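What follows is chain A paired twice: with chain B in the first complex and chain C in the second.
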Partner chain A sequence: MIKIKTLGFIVFAFLVSAGSAWASAHAEAEYASGPAAEQSKFDPTEMIMHHIKDAHSWHLMDWNGHAVSIDLPVILWTDHGLVSFSSAEFHHDNSGKVVVDRNGMSFVNHHEKIHFAGEEHHGTLIDLSITKNVVSLFVVAILLLLLFVSTARHYKKVGSNKAPTGMAGFVEPLVLFVRDEIARVYIGPKHVDRFTPYLLTLFFFIWLNNLLGLVPFFPGGANVTGNIAVTLVLAVITFILTNVNGTKDYWAHVFWMPGVPVALRPLLAVVEFIGLFTKPFSLMIRLFANISAGHIIILSLVSLVFILETVWVSPASILLSLFISSLELLVAALQAFVFTTLSALYIGTALEDHSHDHGHEAAH
Partner chain B sequence: MTGSIAAIGAGLAVLGVGLGIGRIGGSAMEGIARQPEASGKIQTAMLISAAFIEGAGLFGIVVSFLK
Partner chain C sequence: MDLVTPGLGLIFWTTLTFLILVVLLRSLAWKPILAAVKDREASIDNALKAAHAARAEMAALQSSNEQLLKETREERERILKEAREIRDKTVSDAKATASAEASKVLEIAREQIHMEKMAAMTEVKNQVAQLAVEMSERILRAELSDAKAQAAMVDRALEDVKLN
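Now for the complex of A and B:
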């Protein structure tokens, strides 16, 4: 127990120190801003999109009209080599007005995308920045490591014959659930041990990212699993695992479906071939859209107060966002479960051994 | 009130998904009522088929968001 508390304290201390070291209240004069009337106009779409998207600085709060944020490094790969600078140099500008000069090149931040300023530069510009989502990924990775290293230590010390205590008591039922209810059911007992580690990683990674995205203050709030690039990578890993492990039988079912009339087989081959790609594509879209939609709904309900410009709507706004937030806690676990289950299902179908006769195959 | 025709598309996609998932939920309820001991398996199958239908609906919604 003491160890867990120490670990928790270390994480907390790390986050706080990282926060206070980087967080800097910018007391600069407001950059070229419009008249006050224009600023007071609240645009919910812009606010929501700002919160949904990845960013080069982590906006914590506004204090006396000034943004308090963690300035994250901007790292760019260009024709003239690696360029890096603090995103503080953009002075919270994302309209492409503030220009940063480095190595004879100038950059602007336009809607959180770094472009060359002006028209004269045209070359490679690969953004490798440590953005808000990347920091959030690091936080999740550290949390997962703490969770599982301490669990592994527990089993090393106590052994698996006694009932687990502490962190292991929380992790063990979940691990057993993924292994017995997902991997064993859909992949089959023969290959279950090969793919359980991947499925466990998927489940806990997606779940923790979803949960952290629901935390409204600092280490949380980034929309990692609602970022299509993240879900794309996860889906591509499942796609590769499925097709690399595909048996001869699996490919036969894709390109030359047994048990159907020969005239139909080329048509089915086209359909099945497209199906190879739509499966991971739907995995990608499902996670991305579910998590993004959850964030959008919560933020819309919160911004009701600002849209209607009355404080009397706040009870409804608070109750509704509380309700949706609790629903999102369920969705966070459900989407992790669905992604893991479908990955297991796809890998399982690729590994399936149809040694029995194909007349029976055609029946189902 | 301003809006775009894409919002109508998103609404139509939700309509189809609602009908589909509603049918799955209803049938799962019936199944569980008839055979309460199989409720675990029915729930898992229900969630998976709901996820497939939802995926199709989300395609529509995402396309309607793209300009």
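Now for the complex of A and C:
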């Protein structure tokens, strides 16, 4: 049942995208004056950077020299209110040449960043566009909701005293893995139930985003968890949860470490205070770097044919990218696991009750 | 540098999407799923405990059964032994009584035979005596028909008397 629903969603998304892409392809045809003339030498760095960065339209493929893409809404927060228009108005230009005029302001798209055109300056410009990554986020959110809400419904229907079947049989071991191997290991039994939902959501959100990023065609391929803004948000949420729930003991360990000579305590306080921020910072960088690196390697291998300008390298290119893709499948799960585990560890440490003896100090 | 500069828009949308996702999944998915799993774990735990209890009970029952069986066997042995003893005693008693009775009967019979024999002997003696008397009378009568014979007779009788 769920399969049919998911399939239906994908088909629907395709229909929408196809219509939009058709329109944009037509617009492109009208706009492009010299189609073949601008085709310069293939630049892999530019292609790869373009792929791993966010974009205002979802480029699906090139067809007869025209880009086939889904145009996404551009939403801009300015001093003159909210401005929104379709990214189709940029006509796939990201060199800052095409100017779009709205509300007396003109905008250009320069390397997927929206700027005011020319020298004019109108104050604030916050880009809240539904970009490729945002759409991918929505897709992941919808997939997760479909998957897990239907699983929950299965339990309501079948009752809890039967062995899990169908989707529940697939989902339950994963959920139990997060609960038993991550949440319960690092967070004390008193608090674990409060944080398990967050850790579960975090794990599956990162994992599915990682996996979807490995799918080379729509709706996959967006480098969501390899975008520093996304990992920043996740790391900040873990940071907030850690420090908001920190016990008196936790703060004592940060600012006035017990069991250490008093003279050393101010120094340790500085180190521990910096540590508060380096922990989520490492979370942010680790996920971003791992996933981006994976995308870069696969794209580089795919580009090998164009870089070396020979078709004979394609077997090596295919085999290597197959190998790295399989590795990335592992990395996708591993990084979700690592991020979730470390989040649980940080939260668990903040909640820990040190009222017992300080014998564990030696283990630190 | 562009790559490591977080975009505000994506931060906004990620925060919004992720927080909504956490809230929705928590109430619609994680809580029911975890509750169901916990329920099942509890019921499995209970079932295991019940099974252990049943096994212990079974073992206790079996041992008490065995005890009962052993007692019954002992009881049977005891009853059989008693019965055997009673039988043996009865048989031996009967034997003793019978032999005593038999010897008594034998004794009486023997005595009776003896008495009969005595009576028969006496009678035979009497008849022999009578026969002898009759014979002697006849002989005497025949012999004493003459005087000479009578005198000889007296002499012989006298001779006998003298001998006595």
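Following the convention adopted for this analysis, the second predicted complex is superposed on the first by the 318 of 364 C-alpha atoms of A that agree within 3 Å, B and C clash if a C-alpha of one lies under 4 Å from a C-alpha of the other, contacts with A are read in each partner's own complex, and residues count from 1 in each chain.
The rule we apply is simple: contacts are C-beta pairs under 8 Å (C-beta built on N, C-alpha and C of every residue); 3 or more make two chains touch, one makes a residue touch a chain.
All figures in this text were calculated on a predicted structure; none of them were measured in a lab.
**Student:** State whether A:Asn209 touches chain B only (first), chain C only (second), both chains, or neither.
**Tutor:** neither
**Student:** Based on the superposed arrangement, let me know which partner A:Val230 touches: chain B (first), chain C (second), both, or neither?
**Tutor:** The answer is second: A:Val230 touches chain C but not chain B.
**Student:** Output check: A:Ile126 vs chain B and chain C. Expected answer is one of first, second, both, neither. What do you get?
**Tutor:** Once the two structures are laid over each other on A, A:Ile126 reaches chain C alone.
**Student:** Between chain B (first) and chain C (second), which, if any, makes contact with A:Asp54: first, second, both or neither?
**Tutor:** second
**Student:** Report for A:Asn290: first if it touches chain B alone, second if chain C alone, otherwise both or neither.
**Tutor:** Touch status of A:Asn290: first partner only.
**Student:** Between chain B and chain C, point out the one touching more chain A residues.
**Tutor:** Ranking chain B and chain C by residues of chain A touched puts C first.
**Student:** For A:Val171, decide between first (touching chain B), second (touching chain C), both and neither.
**Tutor:** Second partner only, chain C.
**Student:** So, does A:Val149 touch the first partner chain B, the second partner chain C, both, or neither?
**Tutor:** In the superposed model, A:Val149 contacts chain C only, not chain B.
**Student:** After the superposition on A, what does A:Asn109 contact: first (chain B), second (chain C), both or neither?
**Tutor:** neither
**Student:** Pick one for A:Leu342: touches chain B only (first), chain C only (second), both, or neither.
**Tutor:** It touches chain B, and chain C stays clear.
**Student:** Show me the chain A residues, by the header's touch rule, that chain B contacts in one structure and chain C contacts in the other.
**Tutor:** Common interface on chain A, chain B vs chain C: 288.
**Student:** Could you list, by residue number, the parts of chain B that touch chain A in their complex?
**Tutor:** It is residues 44, 47-48, 51-52, 54-56, 58-59, 61-62 of chain B that touch chain A.
**Student:** Inside the complex, what are the residues of chain C that reach chain A?
**Tutor:** Its residues touching chain A are 2-15, 17-22, 24-26, 28-37, 39-40, 43.
**Student:** Which chain A residues qualify as touching chain B in the complex?
**Tutor:** Residues 181, 185, 282-283, 285-286, 288-290, 293, 334, 337-338, 341-342, 345 of chain A touch chain B in their complex.
**Student:** Hey, which residues of chain A end up touching chain C in the complex?
**Tutor:** 49, 52-54, 75, 111, 113, 126-131, 133-134, 137-138, 141, 144-145, 148-149, 151-153, 155-156, 160-161, 171-172, 175-176, 179, 193, 196-198, 200-201, 205, 227-230, 232-234, 237, 288, 292
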